[in-house]
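Quick heads-up: structures coming right below.
Two complexes come next, and they have one chain in common, chain A, joined by chain B in the first and chain C in the second.
Then we have the complex of A and B:
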């Protein structure tokens, strides 16, 4: 019975989440136009909806994060200004990017993955493997 | 090109170092049995999320971990028919001698060319970082010989075609 109420709440929430993601993507486009890719990535990672099971929300958020990841050129600037609390969620999105198989995405994700592992360590990878509740 | 190979192998190495945390775990369903859980996949609480690392459309590596075993499946790039045949023969040769390798799986997982199965017993007998070194060096080595063999085969045919035309 508890699960049924949670599902019902989620269906309502899905629309709200998708509209939030669309609003976020407009903000990210404007940040990218101003050549601030690091802020764009931070905005994309911030409002990630971890507790929804809805695939549409996850896909919508992935598209936004993907756009921000591909726009990153300078990795040193990225890691000097990104807060450690975003490392875990970024690692999950990197693995999602690596599973797509699209060459430019994979190249970019592999580059960021190497640097992120140096900064965040193996624990970050293991948390992204083990976390089944907050998936992306 | 070389850089992207290096990044791909670094990513796989880091993921394996994190994922290779294996311990002995007797089977929950059957008494006195000890099975690699990643092969059976009966209990979801014993499995971690499978990770797929793609270098491009043709090459990928699937890493599946469980509490007592780890399965790594590789797909190597095959540009054309000849390379396809060479790869199949080479990898079949290796798979038939899987006993000697200990960590090699006799049949690759569906959709991949080669699979490794590492259990907690392998981690107890052998050193974890050496196992990871072995797998990464194997991947590095398997990218080269096929291209060299192919190149020599193509040149062989070119040379004989040249001889026959004159």
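Then we have the complex of A and C:
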């Protein structure tokens, strides 16, 4: 019964999620123009659709998050202003980045992964790997 | 030092249990046998070997009043062992399972025991006087995956289970002729056998290890996503809290008072969780001392060796060769802790001593008396 309800909501929601992501994308571009990459990453991670099973939504959000991840230059600045509530979701996207096999993406994700693991511990990795329900 | 005694009994231990007077310990050395060691003049000596199972013994519980041992095994059988003369005499309990039995626990009154299994069922076993026989009643079609742990509520009726489907459930196990309606259990004793009181969907990955607080008011269980869950007001409107922590996941939990929980697992070092005055739970600290030497691994666990390789060896010491490093991890246990057993008086509301066993084959006894900062929480 639960699953049926979720499916129903999703059919309705997929378009809404996509348009939200498009809106987010524009906001991120303007933040990046203002040289505020950390704010851009936060915006990208906020309202990620991990609950949905619609691959289109997940891919669309990944493109946005990827754009923000690749714009990060200064990791110290990133972690001094990124709140712990973002750690788990960021870790999930780092693993998605690593799974692409794209050299520059993997380099960047691995760089952030090292620092994130120092900060958030192995528990954060376990939460991103063990959770099969909320995937990004 | 919180660890007061360390005994290396075997290369690997799946589970252990203590005799009522704590002078004997029973454990399974990762095979089909149960070894019982007796403490005589400060030395542990092998007293008995229980040989009846065909496969790994996955659960042992030693009843404190009746001095009976119950064992369950991957061979799908269970035996109740009675001490007669100088021998342990087994009685087969037919569980009617088609998959391995995974865990077992005596009920507080010791007239029933519960077995969790890989067959997605829980067996509630009780003794039938007229047939001289242990009967197994099954709770079927409630779990979607293996039952990894069972825990009895102090009222002898409610049973909590955790499963690899990620859920924690609470069932009524009222059995006519064994339990009485007028017990102090209150409204929970009105439920029929096998009725599900509660299902908790807090974890998104496997759930292992569940325990009730001494009063039965709070329930704690652990998920494989490095999270521990605390549930108050178990009933129609439960209050739940998730505590995510930064280290490797837990396998088993134990309440040592209403406000303090010890969790053990893959981090090889018991973790202490405590509730403040407002009932908010949080991670306090590790119980064992953590060596932070410069050559030690950066993250202090089994995973770190793999990460060392991933990030390049230069960050770690020269002597970073897998096995060697894991032996130097600094904790008392050198591998995943799978089992935690209280060593207090049965029914007392606080426990300061307990024992842990793990895949490194050690049984470690911990005492909180010397841990001043933790005694404040009790």
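Just so we're on the same page, the second predicted complex is superposed on the first by the 133 of 136 C-alpha atoms of A that agree within 3 Å, B and C clash if a C-alpha of one lies under 4 Å from a C-alpha of the other, contacts with A are read in each partner's own complex, and residues count from 1 in each chain.
In this text, a residue touches a chain if its C-beta (ideal position, glycine included) is under 8 Å from a C-beta of that chain, and two chains touch if they have at least 3 such contacts.
Because the structure is predicted, anything quoted here is derived from the model rather than measured.
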item: Larger contact residue set on chain A - chain B or chain C; value: B
item: First, second, both or neither for A:114, with chain B first and chain C second; value: both
item: Which of chain B and chain C A:132 touches, first, second, both or neither; value: both
item: Partner chain in contact with A:122 - chain B first, chain C second, else both or neither; value: both
item: First, second, both or neither for A:99, with chain B first and chain C second; value: first
item: Chain B and chain C footprints on chain A, overlapping residues; value: 114, 117, 122-123, 125-126, 130-132
item: Complex contacts: residues of chain C adjacent to chain A; value: 166, 204-206, 223-227, 244-249, 298-299, 301, 303, 307, 311
item: Interface residues, chain B side, partner chain A - complex; value: 4, 7-8, 10-11, 14-15, 17-19, 21, 48-49, 51-57, 60, 65
item: Interface residues, chain A side, partner chain B - complex; value: 95, 98-103, 106-107, 110-111, 113-114, 117, 122-123, 125-126, 128-132, 135
item: Parts of chain A lying in touch with chain C, wherever the complex brings them together; value: 88, 114, 117-118, 120-127, 130-134
